[in-house]
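In what comes next, chain A is part of two complexes: it sits with chain B in the first one and with chain C in the second one.
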Partner chain A sequence: MSGIKISKPGIPVETAQPKDLVFSSEFNAMKVATELTGNVSTQTVTIPHGQATVPVHLVYIKGPYGIASSQCWLLVPMGTPNGGIFYSADADQTNIYIRRSAAPTAPYDSYRVFVFADPTR
Partner chain B sequence: MRSGMKVSKQKNVTGTNLPENFYDSNFKTLQIQAIYFLSVVDPASGARAAVAHGRKKTPMFVAYMRTNPSTTWNRKSQLDWQGAVAGNRCHVYADAANLYLDSNFVDDLFFPKGSETTEAMVFVFTNDLE
Partner chain C sequence: MALPLFQAGQTVFQATNPVLEGPFFNSEYPVLKTATQKAGVVTGTGGTETIPHKLGYTPQYLLMIERIPGGRMNLVNNDYDPGGTWVSKDTGDSLDATTYADTTNIYLQWSATSGTYHYYIYIYYDPVSLI
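Moving on to the complex of A and B:
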């Protein structure tokens, strides 16, 4: 036997199910390779991700939406709650692309991108 | 001085690098702080559910949403309502205080009162968005 498991408090680690483990070396982990931030100042934002393969990624957008708070973040793909503007994101071997349905005007929306290391190789 | 921890895939861990490591303390991993459930019954324009996440900054999150009577969960922070009325839409979003489930549905078009619910299951991670 080799590897390590860490169970939730009160659960015997020897018999714990995966959902009751806070860590198990039996499974791979999603590792954040890099985080990228900036403003959506063009209709398509092209961001080099620096990974060898097309990476798993999550893109968040914060804008002056005028809903509960101007500091709200939404996960792409999404449309702005006040309607009209839609965001999508995709990636190839070189870049992550954030696509806005219309050309932006100042003040610009902000983005934060989480790029994950390839878990499949 | 050596510090940190690596867990490799049944190899000698010394000298292994990504992606051979199932865990590597050189990298942040996604860790779940909590899973929240939000719901809005009989969504109408302006309906909102909120829950405090207890963090000082806006947390990273991933949302799944569904509408009752559907049992299908969608990995979206936005759910369009049947496509029947343009602009009818639900959103999950976050700020430094709360998670929100917002609805701007114009009206209950399809189901009797009390029979339609929009639900969101939100995974909140230990990472911050800002």
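Moving on to the complex of A and C:
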């Protein structure tokens, strides 16, 4: 059998369990196809992902979303604890859609989307 | 920082000049290794789907599901707040879901308008916790 296998420091690669490997060509690894950034200036943001299938995607949102102290990146789906703003995201064969529970006003929230080459169906 | 044992750059091999955001692989940083990837369905108005992972520890995983039958795929995060209400369902969606895992199974807890909803899960060899 041919391939590449790299173990964590101090662990013999020949006998390492999968969890003790930093990489193995035997196992599929998630592959980031593209990273997309922008502002949520409309209640639904439509972003072409350029993949041939419905891709795995991770969407992060950073405020202000109405709370001045909230400057963290939050994984979507998420809701703000006090501001009552909810976000969800979904994908079809063409686009990623980021949906905000209420129409945004400036200054707008930021988004960062990781689109993977790995499919969901 | 010691040089990694192996590093691959985005366009050329740059193993002697490691920059964390530049290479697509660096052996100092483990990548998630897929143990299982598979499709499934839940049917009805709600419940808990139990997905055995057979790893013996709590793995990292990604779970995506339709929020309307035959619709788009969404990441399942924690939609269910401690107060007992679903928080992330959009207008027009007919399913809410949350997920959690232990050393034996991954659980998909869901509540929906009656229908069949497809999900897709990636389970990784990489643990959240070994206990």
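The definition used in the following text is that the second predicted complex is superposed on the first by the 111 of 121 C-alpha atoms of A that agree within 3 Å, B and C clash if a C-alpha of one lies under 4 Å from a C-alpha of the other, contacts with A are read in each partner's own complex, and residues count from 1 in each chain.
Keep this in mind: a contact is a pair of C-beta atoms (placed from the backbone, for glycine too) under 8 Å apart; a residue touches a chain by one contact, two chains touch by 3 or more.
On a predicted model such as this, the values are computed, not experimentally measured, just so you know.
Colleague: Could you say whether A:Gly3 touches chain B, chain C, both of them, or neither, answering first, second, both or neither?
Modeller: Once the two structures are laid over each other on A, A:Gly3 reaches chain B alone.
Colleague: Taking the superposition as given, does A:Leu21 touch the first partner, chain B, the second, chain C, both, or neither?
Modeller: In the superposition, A:Leu21 touches chain C alone.
Colleague: Name the contact category of A:Arg99: first (chain B only), second (chain C only), both, or neither.
Modeller: Only chain C; A:Arg99 stays clear of chain B.
Colleague: With both complexes overlaid on chain A, does A:Ile11 touch chain B (first), chain C (second), both or neither?
Modeller: A:Ile11: touches no partner chain.
Colleague: In the overlaid three-chain picture, which partner chain does A:Met30 touch, first (chain B) or second (chain C), both, or neither?
Modeller: both
Colleague: Is A:Ala117 in contact with chain B, with chain C, with both, or with neither (first, second, both, neither)?
Modeller: First partner only, chain B.
Colleague: By the touch definition at the top of the document, which applies to A:Leu75: first (chain B), second (chain C), both, or neither?
Modeller: It touches chain B and chain C both.
Colleague: Go through the superposed model and pick first if A:Ala89 touches only chain B, second if only chain C, both, or neither.
Modeller: second
Colleague: Just to be sure I follow: which residues of chain A are touched by chain B in one complex and then by chain C in the other one?
Modeller: 22-23, 27-30, 58, 75, 77-79, 118-121
Colleague: Can you name the residues of chain B that touch chain A in the complex?
Modeller: Chain B reaches chain A through residues 7, 10, 18-19, 22-24, 27-31, 48, 50, 58, 60-63, 76-78, 87, 89, 91-96, 98, 100, 102, 104, 127, 129-130.
Colleague: Show which residues of chain C lie in contact with chain A when the two form their complex.
Modeller: Of all residues in chain C, those touching chain A are 5-6, 25, 27-35, 37, 39, 55, 57, 62, 64, 67, 71-75, 77, 79, 81, 87-90, 93, 118, 120, 122, 125-127.
Colleague: Touching chain C in the complex: which residues of chain A?
Modeller: Residues in contact with chain C: 6, 8, 17-19, 21-24, 27-30, 54, 56-59, 75-79, 86-92, 97, 99, 101, 118-121.
Colleague: Quick check: in the complex, which residue numbers of chain A touch chain B?
Modeller: My answer: residues 2-4, 22-23, 25-33, 58, 60, 62, 67-69, 71-75, 77-79, 81, 83, 112, 114, 117-121.
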